[in-house]
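Have a look at the structure that comes next, please.
First chain written, first letter: the chains are A, B, C, D and E, and each begins at residue 1.
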Amino acid sequence: MIGGVAWSTVGDLLLRHIYLAGVPLLLGLLISLPLGWLATRYRWLAPPMIAGTGLLYTIPSLALFILLPLLLGTRVLDDANVLVAMTLYSVALLTRTVADGLGSVPGATRQAATAMGYGELRRTFVVDLPLAVPVITAGLRVAAVSNVSIVSVAALIGVSQLGQLFTEGFNRNDMGPIFVGIGACVVLALVLDAGIALLSRVLTPWLRAGVAR
Amino acid sequence: MIRFESVTKRYPDGTTAVDDLSLEVPRGGITVFVGPSGCGKTTSLRMINRMVEPTEGRILINDEDVADRKPARLRRSIGYVIQHAGLFPHRTVLANVMTVPTLIGWDKGRARTAAMEAIEKVGLTADQASRYPAQLSGGQQQRVGVARALASDPEVVLMDEPFSAVDPLVRTDLQNEVRRLQRELGITVVLVTHDIDEAISLGDHVAVMRQGGHLAQLASPGELLTEPADDFVASFVGKDRGYRKLGFTETQVEADPERTVSLGEDVPAGRGWVLVADEQEQPLGWVDRQGSGGPVQEEELHRMGSLAEVGDSARVFLDAALSAPSGRGVVVQDGRVVGTVTPERVLEAIRAQGGSDG
Amino acid sequence: MIRFESVTKRYPDGTTAVDDLSLEVPRGGITVFVGPSGCGKTTSLRMINRMVEPTEGRILINDEDVADRKPARLRRSIGYVIQHAGLFPHRTVLANVMTVPTLIGWDKGRARTAAMEAIEKVGLTADQASRYPAQLSGGQQQRVGVARALASDPEVVLMDEPFSAVDPLVRTDLQNEVRRLQRELGITVVLVTHDIDEAISLGDHVAVMRQGGHLAQLASPGELLTEPADDFVASFVGKDRGYRKLGFTETQVEADPERTVSLGEDVPAGRGWVLVADEQEQPLGWVDRQGSGGPVQEEELHRMGSLAEVGDSARVFLDAALSAPSGRGVVVQDGRVVGTVTPERVLEAIRAQGGSDG
Amino acid sequence: MISLTWQWLVDPATWTGPGGIISQSITHLRISLVALLLAALVAVPVGLFIGHTGRGRWLAINLAGAFRAIPSLGVLFVATLLLLPRLSGNLAFELPVVLVLVLLAVPPVLSGTYAGVEAVDPAARDAARGVGMTEAQILWQVELPAALPLLLSGLRSAMLQIIATATIAAIVGIGGLGRYLIDGQASRQYEVMAGGAIVVALLALLVDLVMAGLQRLVVSPGLVVAKEH
Amino acid sequence: GGGEDPMDTGGDSDAGASGGDDAGSITIGSANFPENELLAEIYAAALSDAGVDVDTQLNIGSREAYIAGIQDGSIDALPEYTGGLATYLNPEITATSSEDVLADLQENLPDDLEVLEISDAEDKDSLVVTSETAEELDLTTIGDLEEHAGDLTLGGPPEFETRPNGVDGLQEVYGLEFAGFRSLAAGANLTVQSLANGQVDVANIFTTNPAIEENDFVVLEDPESLFAAQNVVPLIRADAVNPTIEETLNEVSAALNTENLTSMMVQVQTEGQDPAEVAREFVDENL
């Protein structure tokens, strides 16, 4: 027991939380990559695209959670609603990040790659994307952390995850579960954050190679 | 070998970067495009490998229109070096240099061997090959850029201000390196710079361009200095061009014999400036024996002027003569004193060669 | 006037940037600190206005230890110009230049007047004064940097590689501008560069430094070229130093009279190279009347070599002689031909001046 | 449903009156602005300090990350439980909400501020010191004005998040546009929810536009030109 | 839907008949207030003792939300209250006694839903005030509020504002018009706290809420029976019922009464015990 909550309950909720926050993060990244690429490739697309995805972020999460079933035809308590909503938020954050990341590739490097005889697609994968990793993972960290926080709102519509500890604790006038929930959320967010930071390090050995002697 | 036929490039914003340019870059040697900033050098260069497409006209390499070749393939067959090298920061030096060999489908072993060869050619070590670009100095990075352009043995290498971002001392090194490599490999180098000194010291052929991509003159450096085609070229090649053209004047200057003395040797007064050398006849400096005599002390030595090596250009000989405190330039061969020359003697030699058409 | 007394600077990471440096920057004129990258030039300069604090030793301006003055006040009394100008991007040119006058408490009207004066002095217009830095070219921005340093009439102006980020042509302009301003205002300029050519052409006094902030030689440019203190200085001042030192050799070269002909005039064969001039005796070019004769056609004209103006240095005279196709350099006064000189005549004059101590 | 939502939105009764969109928007904005102001009061000075001295950057990044990780709903509940018995009237509900929103806004404002100061051209900073500005003068006359674009975009993105999140105020019984979400959900009037969500998004956009206009006014044109080059 | 989710085993519409296991499986839901959650836990504990594969999805929200959930198959069953459900299904309802309400309820229940046997335990909506307010204004029945309502703020869950037997009913039946309604969405505790702290003057609270006793609140009588009988009853989707489930839930209903429910609520809300454990204890002792 911790804060009046069984460890196993915390564990179960944590797993659900990871699932509900993590899967959309990955899906969001997968969707943002081509979107961000389009925004860098076709300059005129960038402003409407960035503004459009940014608009998603202004929709209150609670509204999205509840309205999605109406739009998607899913069941009211379906996890899919939360997954889709969180994916939308992730896309909102990450499209800009991917565009920024691809835009951060030095022009000279890009030119050199073209001059070496890389086709556009190949260049995107072997030159642009690897170099965009630091920027993209920085955005991914923000998205991961926000996802963990936003998902907890889904407790208000009865989708269980750590946020459920908030409603339960509140209803019982007991701060124990709430603190357990907050603590678990923060720890989860920081672990995800650190994990992505680590991944970024692993993916960018050249950044740590030190500078010229 | 590379022929521009009435090539015009207008950018979408209306800038005419290159206007009806026709010229021929001869096979082999280094051809330098030089001109003031914004005159269309880079645009001209980049039309060769289709990084920029001409609006009108055509460009032929070995009589084949580049427009008929697939851009990516064309580019793989042409080396390309730019300022700051444009290396891929996420790849090791070796992987950078292996880029083109891999793109053209060589197997890994062959690509690796070719890359290592190119890396050695530009004077880098195997140890450096496994580093990332950021771990090298600017000059070394630029060398990697050159190696990358050479790795697949292209016939043509394009270079866009390759040395302008490095230290003046390193720049001289790199220039020598590129000249050596060009000679060794017999490739055709087209190089863009806005530095007329670099153009003159490096180019076998120099194309001076003026605003709007007009060709003002295409000539050898010596010709450029002697016979600038117009005021623009004359002012662009700048001051000191009389002196600089001596650099392209070969001379057989006959050195006058010069008796050297060694340190400690007693030299009487009245002998004027005396050249001091060591046992191997290597010059040490000048000592003034005008008013006073006595054994030659190390502290009395005046520093040498610049030295001329047998076979150097008239410029070096004249400078040696002008820079020596004695007015006599020291001429050496393999480091040993052969004799000295006065400025007058150098001038005579120049005249004899018809160097100033006098 | 500015005196370094055994100044040492060790950075917290252990780098000794400047080691026991003692030197004196004379009042007035331009003193240039020159040396290879990382030798401690910037550090030395910045210790003058306490942007960097010495670890040991002291620096005196007009016999007053800078350490006794409040850093901010000290800096307001000293102009400071850096590479890329370091302008405040959010302020107009005028506001940028008004910075120091405002800081030292001048009222707005006075600050404004002083700033406008400084802006005009560096050759910018009132229109440009109301622009933002980003709306100016690199060279213009650098001018604003200079104006900002001059606005409050400082006695001393420090400049750290002020021209190294601009185009070579613009650079020459700026150098001339700074030289002119220094002469006009009688200020003391301390300038840092790693370009020995700039140091020699700009400095009244040149301090050559070597790694670790050691002073290798402090001398006038001419002295530096004639008598480099050691191998390091000799190699640093580089090639052509015999020739370049002629730039500091004043000469009274007596020009030989030269008969000029005008366009259309019939000149018989056998006269060799003939100088063509217009009615005002302004030189037009050379025509070759060796093998064939006839009226002088404009198309036959060979371009002039460089021209020497009466009073120019030996370097200009020699170059005129060397660059002329006739082997005779054209000497002018107020644009009119006075005569010609042969290289030999120039050498004679140099010898006569004792220019090469011969 | 779309037509129902539309009907709800165009019904004048929806907009006017004590529970109407206009009055709820005003409440919503009031809470949001208070939160933004408080967040700015905390985060801007800290950001300036970090940017100017370069000290505590690591701490700031991680602190901002940790702040982002704190779930708003949990904080709202804890704060409500703690404050409800201790305060009276509306404040008992509003304070927890504002607290949540401040926590939400601190990370973007903080990182915007220090990133802005950090991005100031080192040459300009060096020149400022070199012409004899004191540290305070460098901060106020050079670093702050030059940091404004990033600082303000930090404020803008904070405000977007605040406006979207301020809807949770309705959970604890105060007004704002969240009412439409909560009450709409409770009574299964989804058109009210959808309409409410649209109004929130529109309000966010409107406020962003206003702030963009403000940014135009206060940011030196010199910086705008510089960015375009 | 959640098919890929390893944690989401229940919820399929055919769950009740699945798996060849006679006892079947079921997803129990609950509304977002503690008592309902407790009841759901009791159902879950009893069913799982009976060998049913039980999944829970608690704290769903208001009736409007969970009815939608049960109909679309997100959940299979949950504890309901006869009056509330009947009014929800038929806003025109006039019945107030337990039997009449049940009859009306069963009449209006959609074909896909069933209610099992009702229990004696009753949890009615009620209006409560603090004892100070009751004393000061001399209140015993809802009707006594009539002359004061204009100065008082009413608090309750958001749905109370729009339900026929909520704010509107109060006006129609008792002629009350309050100065304002404060919608308190975050569960009953918020309403209790708000009343206790004076942020609201009159609150809509369930009669079993232990906070009433703890805080010495006064429940105002409802002589006009605005709030209908509210017997606890299992609501279940027709295709999720099987004999084991029906029998077990009926046993639970038989064991429940208002007293033991209220005392369990004291354990949960006052003593802060885990509802699941309280439920387990109850099931172990009474079934």
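Just so it is clear, a residue touches a chain if its C-beta (ideal position, glycine included) is under 8 Å from a C-beta of that chain, and two chains touch if they have at least 3 such contacts.
All figures in this text were calculated on a predicted structure; none of them were measured in a lab.
Undergrad: Return the chains shared as contacts by subunit B and subunit E, ordered by label.
TA: A
Undergrad: Which contact partners do subunit C and subunit E have in common?
TA: For subunit C paired with subunit E, the chains in contact with each are D, in label order.
Undergrad: Just how far, in Å, is the C-alpha centre of subunit D from the one of subunit C?
TA: Here the centre of subunit D sits 55 Å away from the centre of subunit C.
Undergrad: What whole-Å value do you get for the distance between subunit D and subunit E if each is reduced to the mean of its CA atoms?
TA: 38
Undergrad: What whole-number Å value describes the gap between the mean CA coordinates of subunit A and subunit D?
TA: 20
Undergrad: Taking the mean of the C-alpha atoms as each chain's centre, how many Å separate subunit A from subunit C?
TA: 58
Undergrad: Where in subunit A do residues touch two or more of the other chains?
TA: In subunit A, residues 155-157, 167, 170, 173 touch at least two other chains, as defined above.
Undergrad: Which positions in subunit B are in touch with at least two other chains?
TA: There are none in subunit B.
Undergrad: Specify, in ascending order, the residues of subunit D that touch 2 or more different other chains.
TA: 77, 80-81, 171, 182, 185
Undergrad: Hey, which chains are touching each other here?
TA: A-B, A-D, A-E, B-C, C-D, D-E
Undergrad: Quick check on the complex: what are the subunit D residues that touch subunit C?
TA: The touching residues are 121, 123-134, 137, 141-142, 145-146, 148, 219-223, 225-226, 228-229.
Undergrad: Considering only the defined contacts, which subunit A positions touch subunit B in the complex?
TA: So the residues of subunit A in touch with subunit B come to 106, 108-109, 111-119, 127, 130-131, 204-206, 209-213.
Undergrad: Touching subunit A in the complex: which residues of subunit E?
TA: Touch list, subunit E to subunit A: 1-2, 5, 7-8, 11, 29, 32-34, 37, 57-61, 65-66, 68-69, 72-75, 186-190, 192-193, 268-269, 272, 274-275.
Undergrad: Spell out the residues on subunit E that touch subunit D in their complex, using ranges where they run on.
TA: Residues 61-62, 64-65, 68, 155, 157-159, 161-163, 182-186, 190, 193-194, 196-199 of subunit E touch subunit D in their complex.
Undergrad: How about subunit B: which of its residues touch subunit A in the complex?
TA: For subunit B paired with subunit A, touching residues are 49, 51, 72-77, 80, 82-91, 99-100, 103-104, 131-138, 140, 145, 148, 158.
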